[in-house]
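To start, the structure itself, in structure tokens.
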Amino acid sequence: MEAIQGILEFIDQIFVKLSFWFSAQLANFLPDWGVTFIMMFATVLVLIVFGLASIIWINVFERKIIGRIQDRYGPNRFGPWGLLQCVADMIKLLTKEDVTPTKADRLIFNLAAVAPVIPTFMILAVLPFGRGMVAADLSIGYLYIVAVGCLGTIAIFMAGWSSRNKYALLGGMRTVAQMISYEIPMVLSVVGVLLLVGSLSMVSIVEAQGQWRLPFVVLQPLAFVLYFTAAVAEVNRSPFDLPEGESEIVAGYHTEYSGIKFAMFLLAEYINAFSICAIATTVFLGGWQGPILPSWAWFFIKTYFLYFVLIWMRGTLPRLRVDQLMNFSWKTLVPLALANLMLTALVAKLVPQYSHVGAIAFLVMNVVVIVCIALVKYPRWRRDRREVVLVPRTATPQVDSS
Amino acid sequence: MTAKETFDRLAAKFPQFPLGYLEGKDTAILVKGENLVGLAQHMRDDEEYDYCSSITGVDYPDRFEVVYHLYSTKKEGGPVILKVHAERENPMLPSVVSIWPTANWQEREVWDLMGIRFSGHPNLTRILMWEGFEGHPLRKDFPGSEDEYIFG
Amino acid sequence: MTELKTETITINMGPQHPSTHGVFRLILTLDGETVVDVEPVVGYLHRNHEKIGEKNNWIQNTPFTDRLDYISPMSNEFAYVLAVEKLAEIEPPERAKYIRIIMVELNRIVNHMIAVGFLLNELGCFFTPMFYCLRWRELVVDLYEMTAGSRMMPNYFWIGGVSADLPEKFLPECKEFVDAVPGFIDELERLLTDNEILQMRCRNVGVLPPDVAVEYGCTGPLLRASGVPYDIRKAEPYSIYDRFDFDIAAGTVGDVLDRYLVRIAEMRQSAKIVEQALRDLPEGETATPKKRKFRPPEGDVYHRIEAPKGELGFYLVSDGSENPYRYKIRAPSFVNLQSLPYMCRGHKIADVVIIIGSIDITMGEVDR
């Protein structure tokens, strides 16, 4: 029994042990600051390689599932089960001609292609991929994520503005409006959780869920839904994919980009989508915690499950219109997030931490809020179901035709 | 009501308009160009022919002819067909866009392909051919055989 | 507070754009995202169909009409063939008449499936509803292939009948398809109709009041969605439509949602018609004896049918020779498209796209 536990423990900590072993090897011939420096460098390298490599399977995963949703196979030509499709795509993108429009603002145009990728990788730094597997456990973890995440907006607006293309400009404008509006509910919905934890650090958020013995999705279901909705909009995924609304504004902000620069935008988009799933996992789904399987496995299972939900939404939902998008954020998500925050603060004061009573109180609170929303919104939601009128004959009198 | 009855009634109502009665597969009423708008107004307002289905230009050897097919969405029955003749040299007819807005593009098409002008049309420009195209392709004298393809 | 100085921008949408249904160009004047004015520019697919039609002889024109609205070739042939038959006073055999109705109504189902699929695509549904619709279109196209030998350009209708009798497999497979259609439409409706986003996007967008619709000469689902139950199959029954029991679907508001619902309802009605036609299908000849040189008598004739997209009319003038003297097509898409600027003004740019989708145009027919 103990042996099995030992093995499990070993698998669980394999990456951590690997890094200890590596730094121990370095310590043999390097001074302390050198080891630290190299270790930091190595961690960054690992994260970037992970990010780039994960595109390969995320892309295939997405296309396969979309294919299944659409009653077709998805990629199945290159590599076993089409797994290498992404490699083929990348080679295609890399060998394409890199076009810069004559009238574009060249410096910003080129800069904008690189800019969105940097913040996406920066977010990966604070994500705890497993027990002890975090590149930098910042005490301001979530704040850092929000701050860095904002940078993506600027990059996309740069792209939209510098292209000198009206579709790109429209896409850029939409992005700014959308991302700023949705950042607010996205942050506010998590603040409730942060209140319960009392810390901004991502690792403490996960550990707090261990102490509650419940993931925060049980305590804060409303906040989870709000966060996930807002986050989907934040990364411009369907049904909030207005900035690149293909059927309306061609490709939005990246209309004019081709080749490697276009690939950069795709890369940023995929990693962003992965990041929001990872953050939702960490904050709401208990992060790496789970029985039997190693911690990092649990983290990825949960994250990819959420990613599957994203793909599912992309495969089924139509897109919102720009004014409806704004209304949804400001009139629905923000008030709900605020209400959730205030009630959470209230309940958190009244009930003891880490107790069953507390958990039940939070659940009741959420149920009450949801019922209230239903009561207020239901008359509006229950629209009259439009039916067509079936006219058996023409309504006009019968007249002899000539 | 038969087309003959329609014709008789219209002829009695508008003694000032000389109308012609054209027997055929589809019976038509021949109108003079200057009376077209007056008759069209009457057809729409008093006879409930609110829907102008098609406007066609035909290039006959001695004349141009524009055919209006009128239907009614309020009462059933076949069309009332108005035919208007225009002379071969510089053909010009009054526009019925003010009566049936649907005539807008159809008259533009007739102008574009057949070269019949419509006076009073709000925007009589080419619609299917490009601006600056010379000639009117549906005219019989326009080249159209295989070795005379037109490339722009 | 000083007024913010704003400027309208002009966007050239098309002729190469993902959702303009071919080479169609719109000059949009925008105030931010709001559409101030729209100017449709057509003609990029113009090949002077009517002139070529005058060079062809009467029989050659039948397959040529397939190229008009390439999504519903059978309807185009039907309209042309009926017009020529009216001109030459030919009466096709009974069996041919029923076969024609079956084909044309199957065609209506196909056309509406594509219309609904593409509308949803333009709403931003990443191809899923479209694939669902295309899957069912495929079955109909298979039926066409089985009978006519070609999937999209069947050249099946001949003057005075149809070119071939139905193959043996056709009847059971067609019956199976028709029986399955209501189930499929239910599935589609479960997926789409009650979707909150779809309802939000389509409701009260692109409203076309009935009087305006008639003024602009709109026909087909576009007109009926505006609340005018005008269907040529009922108003002026041609061929044998008076023998079938079916209803006209009419909308109440005239927005995009109504057009979508009317199309869904029409698919059900079409399935009903096909079912009745299959039931009553008589035995016998499928074509009158064919002549190599077909010369209708002199005269002119206009015949219109209720094509899936609206009123499709052919105005034919014969001078008694082998070629038509004038061969004019009254294309539903061309006329319906005129109402686009009216419907788009004041809406957002995203609505323009779905309004185009809800009119259901095919450029092959608009530009001819």
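Order as written gives the chain letters A, B and C; numbering starts at 1 within each chain.
Just so it is clear, a residue touches a chain if its C-beta (ideal position, glycine included) is under 8 Å from a C-beta of that chain, and two chains touch if they have at least 3 such contacts.
None of the values given here were measured: they were computed from a predicted structure.
A summary of chain positions shows that the Cα centroid lying nearest the centre of all protein Cα atoms is that of chain C.
Ranked by C-beta contact pairs, the top interface belongs to chains A-C. Subunit A and subunit B have centres, each the mean of its CA atoms, that are 61 Å apart. Between subunit B and subunit C the centroid-to-centroid distance comes to 25 Å (mean Cα coordinates, whole Å). Per-chain CA centroids place subunit A at a distance of 42 Å from subunit C. Annotation for subunit C: residues touching 2 or more other chains are 230, 235-236. Multi-chain contact residues of subunit B (touching two or more other chains) are listed as 73, 76-78. Shown for subunit A are the residues in touch with two or more other chains, namely 394, 396, 401. Listing the residues of subunit B that touch subunit C in their complex gives 24-26, 50-54, 56, 58-59, 67, 69, 71, 73, 76-79, 81, 100-102, 104-106, 109, 113, 126-130, 137-138, 142, 144-145. Considering their complex, residues 66, 69-72, 166-167, 170, 174, 238-239, 241-242, 245-250, 314-324, 381, 383, 385-396, 401 of subunit A touch subunit C.
Chain contact summary for the complex, subunit C toward subunit A: residues 9, 11, 17-19, 33, 120-128, 131-132, 135, 191, 194-201, 203, 227, 229-231, 234-236, 247-253, 257-258, 261-262, 264-265, 348-351, 353. Within the complex, the subunit C residues that touch subunit B are 42-43, 46, 48, 50-52, 54-55, 86-87, 214-218, 223, 228, 230, 235-236, 299-302, 304, 311, 313, 315, 317, 325-326, 328, 330, 334-335, 337-338, 367-368.
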